[in-house]
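In the two complexes that follow, chain A is the common piece, with chain B as its partner first and chain C second.
Take a look at the complex of A and B:
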């Protein structure tokens, strides 16, 4: 679901590595952290007499200009890419919400008209309700399952490599393949799930066709497909908990359950908060699941925010309305991102 | 599969070595082994073996665990008759190109930011990293409109692979990962190369890159996997059916294809990624946890 791999650390680690260098000015060549002091300058300027000072200074300035030119030459492709496909779309996305866009004529300013139309659309509220419901369900399944899995895996003495690999396998499948596969599992006819229920003499379910169950079915697929990533992150974090803490707790007579409660969970609190926020941000952008499995049905029960946004933009070609929707989505997610930033900052 | 180095965890070694502990450990181990295999490996088997079944067997109300008769021709039919081979190659081209552009653009940018340190370099880096905070979906529409009519150049990238390659290259995570790795390369190494007469590009190619193999592997894998798995973006920017990758084609054709051929197609779309994962497991897991923070 998260298209890009883990945006967890950058902001934090960046703050960490920015402190020691504190540059921005053309620093001594290749200055990087502590190694910088060994080579104060690439070509040591000879300690010239008063006459030679001006010449050396202009030479140095010219060299600096040239070095900057070379550096920007290397940076150019990246900056252009970001400018075109990242920075400019950000600005444009905000403006588009206030415009009427058709490919035939230039964009026209319409003020808050798009937002008015958006809030008048009854599906708008439905989409938010559905997305909220999906996010909540995804937290129930998708938050507990990887944590429990990771805690158990961390205790096992054998088979860890195999288990770690299998839990990550679904993450490697193209999302469309996952959805088509599960659509087949959910199939009321020859589908696997109803056959398994039948073995246990349980009633068959209308997995994707029932208004009550459709969203749960989507969350199940989503959890199956994505829990590998979170599990591995938790496993790494569990490996970092110092063993002495457990030993001390054990000496104090704490049972396994109390050790879990008083050592493991407090030690994991930060990473749990982070993944919680990232998961909320990720699941609020759910798209492929409803798009492939239900198309928003039955009776709009699985129309999510992004699915509606997709319809506005690419089915009705109403880019202004879609952008107004993006803006609302952005504001909501921005709140979570803000909390996330505060957390990582205060910890870093 | 071997037992890993014992570090003290939640359950004490003494508790593990007691009879009850040993029994419980074995019980939980077996349960997880079976459970995980059923939950995560079995669906893959089900997909691959389903493709081998005949259409009538697939449609039968009670599914069979092992195909009654083997029909490997659904794979060849899907590849040639349905033309999935063509879509597969499209995906391959998209992934290869995305890999090359990302390496070229992101490595040079990270090198500049880490080692050449231009004026305002940190401001640019900050602006790049800031994009990681933005939800991808909020930028879907404006990025799409940008691809339709690229500002200044006024070219339309729709139905060209550049529409996939270039936005993928604007990847702050890659640049961040590469820059952090380059930062660790001692300046003395670069200086001595320069004294030997190597130019800026030469230093990158013959000093920095050979030292950066692990991080290049991580970036490469994520680049290929990301593009291979992607669905929504290629569906939007490659409306020409002949140019679509296999993921988009599968979803479009799913209604019309016989079930066994559809399954064969799904297997084909997954195999390269699964093979990649089996080979580079270590790198993928390292890359995944490299970014993550410790509690």
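Take a look at the complex of A and C:
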């Protein structure tokens, strides 16, 4: 579930690159020992004699700059791109929250006006409540499901690769395709789910049309669509748990359940925490599911923060209000991102 | 240059490309200036949208041909035609980035907001040169009038909501397709009979998502003799917490829950309902005449299958489309743009020639709307349309016959915000059997009041 796409978030890319490796146990001997990876710019430098000390240092510094020049150039391109497409929009977005903008006239500063209007909108609170509810439900389904799947997949002797692909397959579907597919599943008339219920003589459900079920239905779609990525991360982490630990546990006569409890979960604690945080950050930005499947209904039961933001900006054309909303969301997500950074840093 | 000794050519090239790309990206934007658009030969280039997409090759070819004809007749004007219309998702970005067309297509829901935000040019002083404008229906022109009394655009299309119905299903259910319902009570009876055919057939369907529920509920309330918003002492107030509002909700509730003639799937929008109609599973839905060609084309069905009735009750909601002008457009461009719009869309002189050509193509001639003109111009147009009609006009006679009894009312101010609120009302009625109608109306009215308080 944590695999909700967040392509522009640097924190996200960071997690994808790092977490499996960091938590991955010592890889096969020799691959990463202190001897195997020696920094290339350290070894060749000969110990400088007392006489030519200053000259050697300057030369060394110059060489470093020279060697890193290409790196800096590449970095510059990246920094420019980030500045243009990430940082500038963020700063501009925050500023817009304090302005009334029409883009036809110069923007007008309105102070906290947009925020006041935002807090006065009764839907503002509803949207946050709904988003919180979605996030909570997503944790219940989306946090446990990939973990369980990963553990089961890891235990399999045969068909592992095939099943791994099957689990990952939904991630590759464009999200709108996923939504339309699930729309048919949920259709109260000829839909798949109600037909299945019918086989078991169970009453048909109003999956998307009932205020109580709608959000659960959206979380199910989202979980199905995104769990592949998280499952793969867990699988990688599981593969990294040293076999000796399990062997020792088995020798001690530990059951599967106890092995899971005393070996797997403690070994994966860190990665579970990270995916949990990323999932909170990701699910708080839920948009496609309610936008395509329910349009926020029934009776505002699935209006989420991002859906409301979208309405402000693109239905009402009120960019000031939308920016104020996104600033609030930015601050809330920033808190979670801060916790995430602190966790990864302290571990590192 | 031994400083570069450790750097390979390829590395250098790579970083240079990366930098160049970065710089190019910073450089773009703001390229289109706001010049007068007149070149040294005195030719004005004016960008307009509304060109059909490539997926409609016939329509597009025709459009391009018309551009050529227009340019031949107006050697001092060059048309830079672009696809699309006023899309709220990109409008502000295009305006901010200087990419907005000089003349842009809008629905009737947009002008009020665009005028209020000063995102459209005042064209009042250019209008005296526009032929036939005095015959364009005043109610349609008023949509583009600002609170300051100035004019910001021209209407080019209009519709009013009626009932589109499936003639084949009517026959199958023992109903007379030439005598469609004229009251909501009759709609209810017909819907019950049609849904009784079984096999997933739905008697009547309505929207309840993405502001379309609110749009239709507005029309429901109008038809019950009510209003959605009214002005008192210069201030707008919600007006739907009324008898009319209650009657509308009760009718929907009864069809949905008592008769079960509205199907089980709700949270529908226009595309869903058109699909139901196109696949022959739907008896009736609320729609304007322009829906019929869409269904016929999209689902490869026949014009003969569909009928059009006027909306029951005393009034219906009317809307339409037109063109507005970029607030940064030069006077030359505005003048040129106006000539194009008049020539292409508001031109009784070209009507016969046009219609003659279109009737042989795939373009429907003889639908009851749009009616842009009043008086002589419209009478002339109607005669031409009747002469070249390629759709069964008799099927739309029930709509035409009652059109004088059904008043056409425009959309309320801040329509989109109100529609969002009314969407929720529509959703509750259609998804909750025990919905408290009074409570729904009262709550929604309170929210609507705060939205209407911002209307200037």
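In this text, the second predicted complex is superposed on the first by the 267 of 348 C-alpha atoms of A that agree within 3 Å, B and C clash if a C-alpha of one lies under 4 Å from a C-alpha of the other, contacts with A are read in each partner's own complex, and residues count from 1 in each chain.
In this text, a residue touches a chain if its C-beta (ideal position, glycine included) is under 8 Å from a C-beta of that chain, and two chains touch if they have at least 3 such contacts.
Treat the numbers as computed from the prediction; the structure is a model and nothing was measured.
Novice: Who does A:162 touch here: chain B (first), chain C (second), both, or neither?
Specialist: The answer is first: A:162 touches chain B but not chain C.
Novice: Who does A:252 touch here: chain B (first), chain C (second), both, or neither?
Specialist: It touches nothing on chain B or chain C.
Novice: Would you check which partner chain A:84 touches, where first means chain B only, second means chain C only, and both and neither mean what they say?
Specialist: both
Novice: Counting only touches as set out at the top, which of chain B and chain C does A:102 meet: first, second, both, neither?
Specialist: second
Novice: Answer with first, second, both or neither: which of chain B and chain C does A:206 touch in the superposed model?
Specialist: Second partner only, chain C.
Novice: Should A:190 be classified as contacting the first partner (chain B), the second (chain C), both, or neither?
Specialist: Touch status of A:190: both partners.
Novice: Is A:151 touching the first partner chain B, the second partner chain C, both, or neither of them?
Specialist: A:151 contacts chain B only, not chain C.
Novice: Compare chain B and chain C by how many residues of chain A each one touches, and report the one with more.
Specialist: Touching more residues of chain A than the other partner does is B.
Novice: Determine, under the contact definition given at the top, whether A:298 touches first (chain B), second (chain C), both, or neither.
Specialist: second
Novice: Starting from the residues of chain A touching chain B, keep only those that also touch chain C in the other complex, and list them.
Specialist: 67, 70, 74, 77-78, 81, 84, 101, 103, 189-190, 314, 319
Novice: Across the complex, what residues on chain C touch chain A?
Specialist: Against chain A, chain C makes touches at 3-7, 11-12, 14-16, 18-19, 21-23, 25-26, 88-89, 91-92, 95-96, 113, 117-119, 200, 208-211, 263-267, 269, 327-328, 416-417, 420, 423-424, 427-428, 430-432, 447, 450.
Novice: Okay, in this complex, where on chain A does chain C touch?
Specialist: Result: residues 66-67, 69-70, 73-74, 76-78, 80-81, 84, 101-105, 120, 122, 187-190, 204, 206, 208-211, 293-300, 311, 314-317, 319 of chain A touch chain C.
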